[in-house]
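Consider the two complexes below, in which subunit A is the common component and subunit B and subunit C are the respective partners.
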Partner chain A sequence: MKSYWWKFLGAAIVFYTIIAGLLGEVPALPILHESIRNVYFHVPMWFAMLLMYLISVVYSIKYLGSGKPEDDFIAVESVNVGLIFCLFGLLSGMLWANITWGDPWPNDPKLNSSAIASLMYLAYVVLRNALDEEQKRGKISAIYNVFAFPIMIVLLFVLPRLTDSLHPGNGGNPGFSGYDMTGSMQWVFRPAALGWMLIGCWIMTLRYRIRKLEYHTDELGN
Partner chain B sequence: MSCFNFLVTFAQSNNGVEMATGLRSSGKIYVVVIVLLIIFLGFIIYLFTIDRRIGKLEKKEKSIR
Partner chain C sequence: MSFLAQVRYLVYKEILLEWRSKYAFNSILLYVVSTVFVCYQAFRSVDGVVWNALFWIILLFASINAISKSFVQESRGRQLYYYTLASPGAIILSKIIYNIALMLVLSLIALFVYSIIFRNPLGDPFLYLVSVILGSISFATVFTMISGISAKANNSGTLMAILSFPVIIPLLIVLIKLSKNAMDGLDRSVSYDEIFVLLAINAIVISVSLLLFPYIWRD
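On to the complex of A and B.
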């Protein structure tokens, strides 16, 4: 619990990707130009969000089996951190889209479905706050979470592939691997995704520990 | 290492009046990189101090129970 190594590893990796992401070589592509470097910063936000939601659904299932409030806390705080990464992903994506696609919100299926997925997870937070009784809240929100996760995966990774999309790798568009992502860019992009995932986990554990402390002090008070 | 090589080649590619060295070379992008690194490092240190504070609270809570 007190081991910091993976936290600093995540920090060091992101540190490296800031240097390599801004100074490394990228292919000269029309329209994108230098903004292709956003791949190193915009996409990892979504990767980190995905990991957070995955951790959340795993602990929700665990909670349904064990009934331990700690499992429920991890599930909630993962969603809370996932929502932050989702917000960063949306904002950075809107800025990038405005420059390269000419509109902050072109009616791209990937954008619309990511908006729906975000609302779904916001509903999870609202649902929790609406329930007062601890066990009922834990159970109902865990079941909701188990349904929300596969729907989110379908919305983000299946439906956009079935229609036309501006995002690479969707609707017949080649992925970034079709251009350059095979070469030097992979050596920045993959670590960036891993680094942000680790930082996301770090923030999640901080929030989880605070929540656990609050829970225990509430117990002491009663 | 490769980053350093990159820096050196950029400093050398600039012919004519050679004043562009270090942070003044290549459109001054290095300044931006360092600014980002400082912000990011500060953010990490901040997270670390929060981590430590929570750790202290946890210890205190354990001793009370």
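On to the complex of A and C.
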């Protein structure tokens, strides 16, 4: 019980934000209207994705130092879960963009950047499949992961600020907090970000444990 | 031997090897010139945006072809021999320096040929030259490390493209923007941001390569 309280916390928070996010009070704004509720679901996806990629790069660095297969498993499963969150982030964003900007894929630097970032991590998955030998696979893919991470940070956080973007907080647009993140919305939005991060970690640890079990049964089998 | 001396000797070795065969350089040069001709025959005349994009695409593929060879052309035995003599940092740094030099020569020739065949007015030729120089440095630094990674996974050709394109796209976005500014002849102070971002990314890439390369060769 002591060690897995955070899983209950994550599930409870996500449950709460789904109910409070759909029923709670939101400001009436032009263009956005009720679609503003998507901020509780779209933005936390990106937070969770970033956390997953961050965990992945930390464990890749650890793997390069230690050479333990467990570290490599955590790195690869974090990338897998991060890709799922990226997919959902893109999907929810496309739904939202279709309503507010009139086009599921407007030519927006943030959209393009996140699509390119997911290409980077798909390339990581392909690279892993191209290598057969376990240790070599772990090491080479960890190197690619660490190499790609700073460029992904530039891609997601520096480049959109250099150009005009439809997203709030970029290219001179004021951030969300400036005009419509009212007090009551903060109380749903912040827990939502935390809750999805916890859920992401939970999925990642489950997948990591399955992979570890498979690894050990393979070892016993041989 | 000190680190810098190692780097100097290794760069000298790379240039000497290339000078003896002249194979890589000539083939890439021919590749660039013939691609320019293909594009010229296909387009005849283009407007500024397409002209700029086409040039960067030609340069991108030429540099991928040029640099993907940098680790596979030498046999495993010879590489092992280098590793006993020099530190891994010196090896990757010498490859990066050599590739920067190669790319600079190639891209300047490419720019010369391209602007003669495809005539297009440049608003600020000096700034365009700067963007081409920065571009070839960026291509060289990123692709050298990626080619080291993909050389370890024997299936080099496709893997090189898959691994390097997502990494180079952010740089390419900035480069195209910078060179577009130069074409339009905007005031130079507009472009300082882009130049700074490019220099910063290159510094990050070189330092990350130096940190990570020791792990690649130790297997």
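Keep this in mind: the second predicted complex is superposed on the first by the 219 of 222 C-alpha atoms of A that agree within 3 Å, B and C clash if a C-alpha of one lies under 4 Å from a C-alpha of the other, contacts with A are read in each partner's own complex, and residues count from 1 in each chain.
In this text, a contact is a pair of C-beta atoms (placed from the backbone, for glycine too) under 8 Å apart; a residue touches a chain by one contact, two chains touch by 3 or more.
Remember, it's a predicted structure, so these values are computed and weren't measured experimentally.
*Asks:* Answer with clash or fit: subunit B and subunit C placed together on subunit A by superposition.
*Replies:* fit
*Asks:* In this superposition, which partner touches a larger number of subunit A residues, subunit B or subunit C?
*Replies:* C
*Asks:* In the superposed arrangement, which partner chain does A:Ile203 touch: subunit B (first), subunit C (second), both, or neither?
*Replies:* After superposing on A, A:Ile203 lies in contact with subunit B but is clear of subunit C.
*Asks:* Look at A:Thr217 in the shared chain and tell me whether it touches subunit B only, subunit C only, both, or neither; answer first, second, both or neither.
*Replies:* The first partner, subunit B, only.
*Asks:* If we overlay the two complexes on their shared chain A, which of subunit B and subunit C does A:Lys7 touch? Say first, second, both or neither.
*Replies:* In the superposition, A:Lys7 contacts subunit B only.
*Asks:* On the A-aligned overlay, A:Leu51 touches which partner chain: subunit B = first, subunit C = second, or both, or neither?
*Replies:* Neither partner.
*Asks:* Tell me the contact category for A:Val43 with respect to subunit B and subunit C: first, second, both or neither.
*Replies:* Once the two structures are laid over each other on A, A:Val43 reaches no partner at all.
*Asks:* State whether A:Tyr144 touches subunit B only (first), subunit C only (second), both chains, or neither.
*Replies:* It touches subunit C, and subunit B stays clear.
*Asks:* Let me test your reading of the model: by the given contact rule, A:Ala192 touches which partner, first (subunit B), second (subunit C), both or neither?
*Replies:* Once the two structures are laid over each other on A, A:Ala192 reaches no partner at all.
*Asks:* Should A:Val26 be classified as contacting the first partner (subunit B), the second (subunit C), both, or neither?
*Replies:* A:Val26 contacts neither subunit B nor subunit C.
*Asks:* Using only CA atoms and the superposition described at the top, report the least gap between subunit B and subunit C in Å.
*Replies:* 30
*Asks:* Mind sorting out which residues of subunit A both subunit B and subunit C touch, each in its own complex?
*Replies:* Residues common to the subunit A contacts of subunit C and of subunit B do not exist here, since the sets are disjoint.
*Asks:* In the complex, go through subunit B and note every residue touching subunit A.
*Replies:* Residues 3, 6, 29-30, 32-33, 36-37, 40-41, 44, 47-48, 50-51, 54-55, 57-58, 61, 64-65 of subunit B touch subunit A in their complex.
*Asks:* Within the complex, which stretch of subunit C touches subunit A?
*Replies:* It comes out as residues 145-146, 149, 152-153, 155, 159, 162-163, 165-167, 169-170, 173-174, 177, 193-194, 197, 200-201, 204-205, 208-209, 212, 215-216, 219.
*Asks:* Using the touch rule from the top, collect the residues of subunit A that touch subunit C in their complex.
*Replies:* Result: residues 64, 113, 116-117, 119-120, 123, 126-127, 130-131, 135-136, 139-140, 142-144, 146-148, 150-151, 154-155, 158-159, 162-163 of subunit A touch subunit C.
*Asks:* Where on subunit A is subunit B touching in the complex?
*Replies:* 2, 4, 7, 11, 14-15, 18-20, 22-23, 199, 202-203, 206, 209-210, 213, 216-217, 220
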